[in-house]
Amino acid sequence: MKEEHKHIKAKKYGMVIDLDKCTGCGACMVACMAENNVPFKEDETDKLLSITWLRIYKLTNGKPFPETDICYLPRPCMHCEGQHGHAPCVSVCPATVTDYDMETGIVSQIYTRCFGCRYCMAACPYHARYFNWWDPVWPEGMEKYLNPNVSPRMRGVVEKCSFCFPRYQVAKDKAMAEGRREVEEHEYQTACTQACPAGAITFGDLNNPKHAVYKLKMSPNAFRLLERLGTNPKVYYISSREWVRRSGDNYLANEVKIKKL
Amino acid sequence: MKIDRRSFLSLGMGVAAGTALSPLPWKLIDDISIWTQMWPWTPVPEIGEVNYVNSTCTLCPGGCGITVRKIGDRAVKVEGKEGHPINSGGVCLLGLSGLQNLYGYDRRIKTPLKRIGNRGQGSFQKITWDEAISEVVNKLSEVRSTGQAHAVSCISGSDQGTVAQLLKRFLTAYGSPNFFTMPSMQDSYELALYLTQGIQASVAFDVENSDFVLSFGSGIVEGWGSPVRMFQASSRWREGKGKVVQIEPRLSITAAKSDKWIPIKPGTEAALALGLASVIIKESLYDKEFVENYAFGFENWKDDAGKTQIGFKQFVLEGYGPDKVAKITGIDKSTIISLARSFVRASKPLAIGGRNQGRSTSGRLNEFMAIYALNALVGNINKTGGVWSIPKPGYIKWPKVEMDDVAEKGIKEPRIDAAGSASYPYSQYLLNRVPGILNSGQENPIQVLFVAGANPIYALPNTKAVKEAFDKIPYIVGFSSYLDETAKYADIILPNHVYLERYEDIPTPVGFQKPFIGLAKPVIAPQFETKNLGDTIFLLAKGLGGTIEKAFPWDDYETCLKETLSEKWDSLEENGYWIDSSLKPADWKNAFKTASKKFEFIAAGKAKDIASLFGFSSSTLEGDEASYPLVLIPYDSMRLANGFIGDPPFVMKAVEDTVLKGKDVLIEINPETAKQLGMSEGGFAKLATPVGTAKVRVHLYDGIMPGIIALPRGLGHTAYDKFLGGKGVNFNELIGSVEDPVSGLDATWGIRAKLTKA
Amino acid sequence: MSKLDDKKTDQKGQEDGVRGFIILFFIIGLFASLIVGWMIFPSLLYSKKKQPIDFNHVLHVEAVDQGCESCHYIREDGSFSGVPKLAQCVDCHEEVQGEDPEEAKFVNEYVAEGKEVPWLVYSRQPDCVFFSHVTHTKMAEMDCATCHGAIGESEHSKIYEQNRISGYSRDIWGKNIAGFKKNTWDRMKMDDCSECHVKNHVRQASVQTKKGGCFVCHK
Amino acid sequence: MFPFSFEWIWDMSHMVFHGGLWYALSIIGLGMTYCILKATIDTFQGKGGHHE
Amino acid sequence: MDSALIPVMDDALKPKGVQRCPIWQFALWICIFGAILLWGVYAMFLCWFKGLNQTNMNDAYGFALWIWADLAVIALGGGAFFTGFLRYIIGKDELKNIINYAVLIGFICYSSALLILAIDVGQPLRAWFIFWHANVHSMLTEVAFCLSCYFGVLTIEYIPLVLENRQIDKVPFFHNLAHNMHEIMAIFAATGAFLSFFHQGSLGGVAGVLFGRPFGYREGVLIWPWTFFLFTWSAAACGPCFTIMITKLTEVITGKKLVKQNVIDLLAKISGWMLASYIIAKILDTVYWATVTVPDMGYTLKHFYSNPVYGIWILFLEIVLGGILPAIILITKTGRNNNVTLWIAVVLAVIGVSVNRWVMVLQVMAVPILPFESWYLYLPSWQETATTILPVAYGILLVMLSYRYLPIFPQERELNPID
């Protein structure tokens, strides 16, 4: 085998979600389920037992009628970088099932190695990790649409958003077939980004100035969730509304300004 | 020597040591864990070559372009088609879960079925296509032979496209005028277009170029119009390219996305539009060029008899001053005035109507007229960023049906719903009137009913009355692909392919500016013994023979479609759509086909007087306030399909837990109102309206006006599969049908209600 | 009570004999279980299956001009075609070509019926594994034989051995029961992939292991 | 767990952690081996039992 | 077997010179607790075969009743290592009179913990990956290793006790084995103490390292958060209290004095001082956390104790009632020597440490972290409850058997001479 490690600049895949544009329609959720072989069951109304790698939260400003305002916030896995790749969930996994990849910045996971201790779920402040409480069952016929690029999970393991990493694998294969080592921005996009009818989600390499996310994340209206915990997430949100930006983190009563890390 | 227990102990220790030193335990432990990693019951998706097939989504009238990823001969995922004129790559959640309709074997009808149980019970027996066709043919021949040809009627999802037109053609050749479509806001829009501009055309909104959208309760980002297109327009506005003002009693998502939300007393939207018009006129802010040169009936005018009639100007100035409108609508006078001013000051303002998705009901004509008048006042008719009229695609040019005597006679019979008669001269289809007529009459005006691409038992208001009416129809033929509520009511089902298995043309979606045809293509081979509805019609015609057979001179539907689309076919096959991008709306000099060749505020010669067109009256709600102190309104959500297609499992999974919890729907109520009723979040309640009652739970929502409660459409199915059926309440079970006094169209929007703790 | 008391044994000779016996039993147990563990168990663990058609690689390699890639090629999108589908074979095998009864069987049972051959793939990885052929063959310029061995030189299809518990091919899950490995194709478990990746510094970017991240080889 | 495992890195944390672990395991293992062997030898030397 | 043999066998197995309840009474209680045990076993198999959907855990409560039970039993089982540590390392020789029972309780606690863990994981058949693919940075890895090793040590400590059964002891090999194991028990005990210091600490670290969960998160030294030390400390303080509590409970049930007061007094005194120092450290830790750590993340103490069910009172229960009060009782001689106050103290200490483990597991999960979340509430399912009661029944059964047939209490014969 030839040496494969030419000096490729480390990528840091991340997402910017424009909450002004997001309508909470749920297309991203379904695109994700369809792409990633996420199972479903008869009753999915208990959201604490419902696997949605990407969940949409509904935020309200808490004011009475007619001052009320609402905002939808889609929450994929944040792919936290923490300090030097020590995401909250990564370092706690006892069996090295989940990992932070410095090459792409993705928090990856081997489902078949996970034995279901759920420590990572306890560690994640975003509730981005989901446990397979049931064996996934696809009603007759439905198993036909399963995507072979993503392995279906079994009962008793934790799963979460992978930033559609299999799409990166497929894009890389295509690039390589064409003799390229690098994948273009448009070649690797997550299923939710691709589907979003409002174009609210932008995905790309946060380290690459040519990618759209690079500029978007610098918007004065950009913020991340729970930055103060030091999770160093890679999903940015944009909102022109102060109350929404303030909902991204916790503040003491005397803290008037939003802290940015 | 003897063997004692110590020897056995020793033997055991030897075995233990030997086993530990052999691979047996370790390999077993490893293999067992590998077994758990891929339990035999965990499916392994088959690998294969990847292919993409372009098609068009038909799950709603949006007409989005889709591309289906296939692995080998399996369809694996639906994605939005990049660069498509309607949705340019975006796709909604219903479209994305399309494969669950295709592969949802539990909800699909797999072969022709004949009813064996009671109606609605869902007991059927499988029959062959030959049996099914001959049975329906016999029935049709029998009815025809008794001179009852006009008693065969058809309910279709729409009257556009080849399949709907083939159905209509079949009825014509057979001898019945009784073709119906399901109600939608298009009915009122097209009627308004006809009354003011004298043309039969489709209405289009140049939303991409408008910079100020005044929406009277339209769910711009909740499925109104062509949903994905509207989402993309909304995103442009959010980028600062336009402002949106949303007027409705509830903080919908559209309201939250808009720049300003103005809560209004429900049902008073028309009054507000007239109030805004009065401010615009009073302050002389209207587009003088348009109003003075291209409009008629703005000022008072003299009719043919020489009598002076009141014009629009005097009508609104006298009747709808901001003070009065403020009282009616509950909106501050100052808000009304400033809203009117900002609407006019925008460079490309646009007023739109049709509440929620605009698909469940046709709406009040006066409301659409008033909104139309606002557009006319700012002169945005057929202008960039305004409201356009575009001709309906005229690609269907089949030879005229040759009719035999029976057909000639039958077709001249009056329509059951009286549409087009003296009472409702300008309306085409009034399906909403049919259940009432059936239930009140002695005789049975419908002997055989076809239902195609529609689920009237679920989707028409007053489910109970609709069922009662259906009970009176001796023979119902369903053409659905899914075992929906109406299919369950049918006597015989001739199942259509699912859209991913068939060819079909999709004409211009609601509100789109350019003549457009989308093509749905078979992505995979049919999963079951189903037939394209087009082919089924041909088979029926063939069975009936004579002129009916002659009316369909095609070998099969695919040939028919290709011939019909003739020169457009290549573009359709290649891109999945055909578009006439060159079309520009007619300029003002040529746009109006009225008697005055102008835009007519008053619809001269058509309407009785201006008040009948625009006049606002507030007494349109069923139920008395004393017994029913609250007002129940419906709302639509992208996450709840409420038309012909029910939510597939993925979409059900996306439904919020503040909408559905277990099997119970949550009703939105203002915390203040809830407090008065002694109710708290999640509590159970009995919801009663003059039409029906239901068990619900309450969700306290600050965004809803006190005294109003809101229920989502799309739940309460009694059919489909376990993922959808039996959950929540169907809004239609709680409301009665309300007829618009002028158009006769369905104008239901809410009902009085009572909520009691349960 | 007396039943439970140990009998007193006074004779020393007898005691010694018992001790020897005890040791003998230990040795019997030890060897018996070693035989079971090392010899009987491995042969029971795998079921042996014959390929539906005995395939002659030599004959086919001679007949084609691009070696392995003639049938097992990289598609334009970078994916690997794997075992040929019937459509590829039909080009030549529309009719029976030669004398070989296996070929006749193939043509009659599969080609004529339009049925795909249920080949048993010796090197099929579990579903959780992502493997990119294009990366290895095109970018790293590895030969097929490096991993698959001289399969192109085989005249008959070898027996496919399937682990009865895990359901996987013995070729990927370990030819040798003790875990010793002579050739790449004797075993293709995660550590075997990693071994080469570590040696060649392939994407060694994991924070946790300083080796490859999970998604280098998993999906 | 073992130096040949995929997860093993020759770094401080692994040495400390597994050092401690193997140290404890060795003590337990060696201690028990000692006790069993000594008990076997003692038994063959005729110690213990029968002292009622 | 002839049923008449049972009393004969029973007699033969009982230690000499002690009084035991009649066999029918013993059998009755065995049946009662056996039934409870079987109920738990049934629930356990339900969880194994049907999966964890049998529980009321959910994606907000990945850790719940079981993990609490685990942490609690390990803390309470801490009596074994700490008594061992005092007896073998420090040389408090009197404690030999209670060490057997401490070991037995420890053995029960640790075997229960392992059993609960085996039910708790989603894929028990590949749970050994925790060893094979060990991630040394994870507190849970450390817990798993030390727990298993220390369980081994406890087994080693328990074996000689079993071997001392009157019948087993007659086998020369077993007699010698027991003897030899006793000889080097100090080495095992030292290893056990070493392992215990780490895994008790690691269990504290489990919540302490979760920087995404401000309620559990603590700063610390090197890789160890403060909770690491607090957990070891509290286990060392409260474990012996549990040993005393169970000993006293056994005395009440058997109606006999089993351990001399001076032994109890010594252990209680050491516990008292441990508890006192622990609770001071705990208070300091709480104050630092509440005033420095969490405000920095944007939270206030009140936020974490605004739970709709018990609010701030759980903190009061943990620190004042479960810490300060028993510490005061135990460090005063009169408090220790008064039977009632001693009872109160040990029970409160046991409650205190259990509450601590409770909040460090369940409260961590319950607290809303994102500003738009609310409290997550949870009630265990019957299967969870049954499997949590299962170890209790199992423990009682093992205590009953051990007490009846093994010389657990060396002072029993002396304190209860048979006429």
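Labels for the chains are A, B, C, D and E, by order of writing; each one numbers its residues from 1.
The rule is simple: a contact is a pair of C-beta atoms (placed from the backbone, for glycine too) under 8 Å apart; a residue touches a chain by one contact, two chains touch by 3 or more.
Only a predicted model underlies this, so the values are computations on that prediction, with no experimental measurement involved.
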Per mean C-alpha coordinates, the chain lying farthest from subunit A is D
Per-chain Cα mean versus the mean over all protein Cα atoms: which chain has them closest together? A
Comparing A-B against B-C, which pair counts more contacting C-beta pairs? A-B
Farthest chain from subunit E by C-alpha centroid distance is chain B
Just how far, in Å, is the C-alpha centre of subunit B from the one of subunit A? 33
Return the distance between the CA-based centres of subunit C and subunit D, expressed in whole Å. 36
Can you work out the whole-Å distance between the CA centroids of subunit A and subunit E? 40
Give, as an integer number of Å, the spacing between the C-alpha centres of subunit D and subunit B. 75
Each of the following residues of subunit D touches two or more other chains, namely 6-7, 49-50
Multi-chain contacts only, two chains or more: what residues does subunit C have there? 6, 75, 77, 79, 126-128, 208-209
Numbers and ranges of subunit B residues touching at least 2 other chains: 32, 35-38, 44-45, 47
As the complex stands, subunit A meets subunit B at residues 18, 20-21, 23-27, 29-31, 33-35, 37, 40, 42-47, 50, 52, 56, 58, 60, 62-66, 68-72, 112-113, 135-136, 138-148, 152-154, 194-200
Once bound in the complex, which stretches of subunit E touch subunit A? 51-53, 57-63, 120-124, 126-127, 129-130, 132-135, 137-141, 144, 206, 209-214, 295-300, 303, 364-365, 369-372, 376
Of all residues in subunit E, which touch subunit D in the complex? 131-137, 141-142, 145-146, 149, 152-153, 156, 169-177, 179-181, 184, 187-188, 191, 194-195, 198, 223
For the complex, which residues does subunit D have touching subunit C? 4, 6-7, 9, 44, 49-50
What part of subunit B is in contact with subunit A in the complex they form? 36-39, 41-48, 71, 74-80, 87, 89-93, 96-97, 99-100, 102-106, 221-222, 227-228, 231-232, 234-235, 238-239, 251, 253, 256-257, 261, 263, 527, 638-639, 649-658, 660-663, 670-672, 702-706, 721-723
